[in-house]
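Each of the next two complexes has chain A plus one other chain: chain B in the first, chain C in the second.
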Partner chain A sequence: MAAADSPSTALRRRDLCSRGIRLAGKMRADVVDLLDAYVEQQGLDASASVAAVEGVPLAAVERWDEQTGTQRLLENLAAYRAFRALLAQMLEEQREQLGEADAGLGRALAAVLLQVSAFAYHLEELLRLESRGIPGEEEDGPPPPPRLSRFEQKLRGLGVLRELAHWAVRSVRDLRQLAKPSPASGAAPGLAESP
Partner chain B sequence: GSLGDPQNLKCVTHNLQKMVCTWDVSSRGRRGQTDFCYTTNDLTPQVCFTTKERRVEIPIPESSITVTIKSSGTATKEFVIHQKDISFVPITPHILSLMPDFPTSTLNLKWSDNGSVFPYGLDAFWQIQILRKEPMEVVTQVTYYSKLTHEDVILSWNWTSDMPLECTSHYVKIRCYINATQFVGSKDWSDWSPAEVIPGKDTEPGESGVFPLDPVVAVGSDLTFCCVHEEDQRITNMIYGSKSYTMMQLSSRSHAIRVLNANVSNSSGTNVVCRLENAWEGSVVFVGYAPDTPQNLSCETPNFLIIKCTWKPGRPSGLYGERRTKYSLFERTSGRNVSCEVSELSKDHVCDFPVLPAQKTYDFILGVSNPIGQAKSSLLVDITQRVHPKTPEKLTVTENNSTSIQLRWFINGSFAEIRLLCQIEISSSHSERKLQNVSTPGRKSSTYTTQVNELHPHTKYQFRVRCSAADHFWRWSDWSRGVEQTTSEA
Partner chain C sequence: DSHVQYERVGADVTMKCGSMDWDAAVTWTANGTDIDESHLNGSYLILKNVGLSQSGQYFCYEGSSWHLKYQTNLRVGTPPKEPVLMCRSNNYPKGFYCSWHLPTPTYIPNFFNISVIHGTKDMVCEKDSPPKNRCHIKYLQLFSTVKYKVTLTVTNALGKNFTTLTFDEFAIVKPDPPESVVAKPVPNNPRRLEVSWQNPSSWPDPESFPLKFFLRYRPLILDQWQHVELSDGTSHTITDAYAGKEYIIQVAAKDSDIGTWSDWSVAVHATPWTEEPKHLTTEAQITETTSVSTSSFMAPPTTKICDKGAVVGS
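Right, the complex of A and B next:
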């Protein structure tokens, strides 16, 4: 059994978790707004079914309850790093395709990208707190996406934003799970233990 | 005639030089050796030969020919063939190549006119048929005209389809008719050539999608989009923008819709969506305008370092990003070309061009283009007559007494080649605003001074200055910032 946290670490974790929860909640609200604007601006049908988009991490997870705290953080971190790259790609496509037309959507996209970057950093903070090694980012970043047609780009953007909204919800649940005090000592358990 | 006699002798020429004569034999005629003789007139000796076929190739007679055919075991049968009895059916044309250009949905057909076979100068008519769909339907049939030159000439013809070539296979056939005016026999079309095919994507296993992919088209265009899918994949509908369109089936794996008089699309384009049973396919069409001819093209220099050209762009193209309208400024004398950074949304369209050493006159062509079209405007200008100086800066009072003051100011720019005309505005609370002009040789990024006299003692004055070219006035600069000064007491 790993030794329980010192009170200061537990306090620090709870603080990071609650700030992370607020950040994820705000991010979700902004992503949902962005999604609405994106659907309208791209002339898409909100009910469009989008098959799993290559490179987009899925928020749905089996046996969520059984995940350790470290697994939660590592999966969250990997996901938000992926979203950071995907949103940056979308922003690039936005500039390429639209130039200054509809700069509003571009700004909203950039704002969400900023939040995703901040949240990824926040997750790294949590991992550092547990003196967990921060997984290095892939040296030269994710492989360049295949050359897609405009419609495929639009659908992929839709898929990315939808999944990001799902992830924000999952992150809130994960962080709440991490912030829970362990039943025995009342102090928050070490990451390895917390299911 | 008795049994086995040769009958129905017919002669056809394909090249106006030789003719192929064929005959048949009345019923139950056995196929054996046949003696075939012909003579064109009394003077030339009869030509005979034996054949097992009921077909011979012999020269075309000037006027008529007498033929005798004797099959084994039958009597000799004589026929007189006049030129008018001979029919002329040109050789079936041979398609040399059929090349698709997918981006423009254009087919290029090349064939030989076989002119070397015919006398010089005959008129030839070529019927070209384009077919599509399963079962094949004729999409169009055109007649192409050419003149034969007694040489084999490769003819070429382009056809632009009303739908992307990817949508379904396109077939092409050709036949010809040669107006041999000297030939008195009957003249007819050749046979159709074998069909050449450009396979559609609906023939490629595993291929699917909406075509054309991400096209850029002009407002008002009539568009055809098709959805290529798997054979067993049921197609639900095809939507253009937000409207579902009636589909036409091109083949078992391809359906199409026709959109008439397309409206301008929004900045992200108009989606064309094909809903299949368990998938979506789509394309995005960008409908916009070709660029207008730029209006009111005007060029001036603020400082003899750069030339600023401005213009009115006209109607927005509705195209953005990589499809936006792009501008370039080409100067004919120097051959210099500058691409202009102009935003589709900005009201003012401005482009800077460097002032070139020892060049006063500039022959500009402003080129405008986007994927739909292009336009241009031109302007010949002597920049010494188009000086619009920058706002004078650092206006200061350098000397001052009871009735006069000295002003100094700075103008950024190289005006050494011209004289400057500057205008001082003198105003005070109890006298009318006065303007004083001063002309001075221009200099390079320099300060200028002038004396303002006949002022009232102990009076507060405000001064401003603006400048322009002295010799060829074009435009005043903006007024400088004001400076305030009270003259000393008398």
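Right, the complex of A and C next:
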């Protein structure tokens, strides 16, 4: 259980949460735009079902409302670190096959990657605020992906962007939960308690 | 023997009189009325190109003894067309409901079976009690990119049909309209109207899942709506109303991150504050006239000068 919040910590958390909500909201809008462009330029079917792709963090969660604040932050942080690596890889693959048509896509991908990195850092800020240890990044980063065909890369990219779009919505909801004043003290609950 | 017999509209129907021979003398009745001999072929009843009106109770009696030999309840109808299915979440993130109807009636009983699959998981759809064609599904997972697949099958004695819907969790989120919409003039402000409303009561957690709102308003004398989108709060002050004109106002709601707009709320009417026309009471008139030359004084039509205490317009 986290020590009772000092007003300044609660205020700081509230500020970080609302900035995080805006950042995630903007990121979601950009990811949705990127997804539309990606589907079109890669000649994919927007309604295609993409099986869960290994290494892509799933936004789907059960009993979401029962999660503690720390769980929310740690799961978010792990996800956005994974997306940072996945988007960097997509960008690299994109550059390998860079055609003129893909330049715009490359820029949009880079912009989203930047936002994902910024958001990951924001989550670390929130964890630091709670004097929660920031989980170290896996030194050697995620295992190198299996060599995929061009079409498999495209499908994986679709899966990555779809999950990221859903994660952005989840993050907004998570941050709203964290920003909620706790019923008793009226101050935002310590991370461990916030439902 | 007696049973229910379903036949399609337009079908030709032949009924045997139970175990009676073809050439036996019989009498057929429909809903208590004797059937004309022209419909008989021996003891068989022949109904050509049946219509809905020929549904009913058919009896066959042995000629002389009037023993009842056969009885059937003929139900004329049609096989079901592809049902119309709609799924929606108006209480996100609790769950969603699906409702359905048939585009055209079948005139005979229909049985609906609905299956809801999320990825590989079969989900329970809690049916409302008849005649409501609706059932409710609880979300087991949130924020899932896996699509939901809902298949509705309808069956009746004359045929079967089905329809399938596939959708994303976020796409079907559509709140109910805002409730308790109130519009009031703002005293001393001839161009303002204060509008307030409440979150739809079906929306379970506005704090974690806040709604944003869309307000539209216009004077009754114009057709063109004015719109304003509000990302939080449940009230707004219109500051550009035409003075003295009655306004019609509606509000819609949407989850601030996902889904679609609700239908418009119930319309409310209001007219901005207007200055009360100056009604001078009799006393005021006298004091007025002593300061003004008497030739210019005009008494309001309803007041007698010497009638003490009379107030115009009261």
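Following the convention adopted for this analysis, the second predicted complex is superposed on the first by the 189 of 195 C-alpha atoms of A that agree within 3 Å, B and C clash if a C-alpha of one lies under 4 Å from a C-alpha of the other, contacts with A are read in each partner's own complex, and residues count from 1 in each chain.
Here, contacts are C-beta pairs under 8 Å (C-beta built on N, C-alpha and C of every residue); 3 or more make two chains touch, one makes a residue touch a chain.
These numbers come from a predicted model, not from an experiment.
Taken together in the superposed arrangement on chain A, chain B and chain C fit without clashing.
Of the two partner chains, chain B is the only one that A:154 touches; chain C does not reach it. Once the two complexes are laid over each other on the shared chain, residue contacts for A:114 go to neither chain B nor chain C. In the overlay built on the shared chain, the residue A:91 is in contact with neither chain B nor chain C.
Of the two partner chains placed around the shared chain by superposition, neither chain B nor chain C is touched by A:129. Within the superposed three-chain model, A:64 lies in touch with chain C and out of touch with chain B [touch as defined at top].
In the superposed pair of complexes, A:45 makes contact with chain B only, with no contact to chain C.
The least CA distance from chain B to chain C in the superposed model is 11 Å.
Residues 49-50 of chain A lie at the contact with chain B in one complex and at the contact with chain C in the other.
Residue ranges on chain A touching chain C, taken from their complex, read 25, 28, 47, 49-50, 58-62, 64-65, 159, 162-163, 165-167, 169-170, 172-173, 176-177, 180. If you check the complex, the residues on chain B that touch chain A are 209-210, 213-214, 239, 241-242, 266-273, 279-284, 320-322, 324, 343-345.
On the side of chain C, the complex with chain A involves touching residues 93, 140-147, 166, 170, 207-210, 257-258. Those residues of chain A whose C-beta lies close enough to touch chain B in the complex are 41-45, 48-51, 95-102, 149-152, 154-155.
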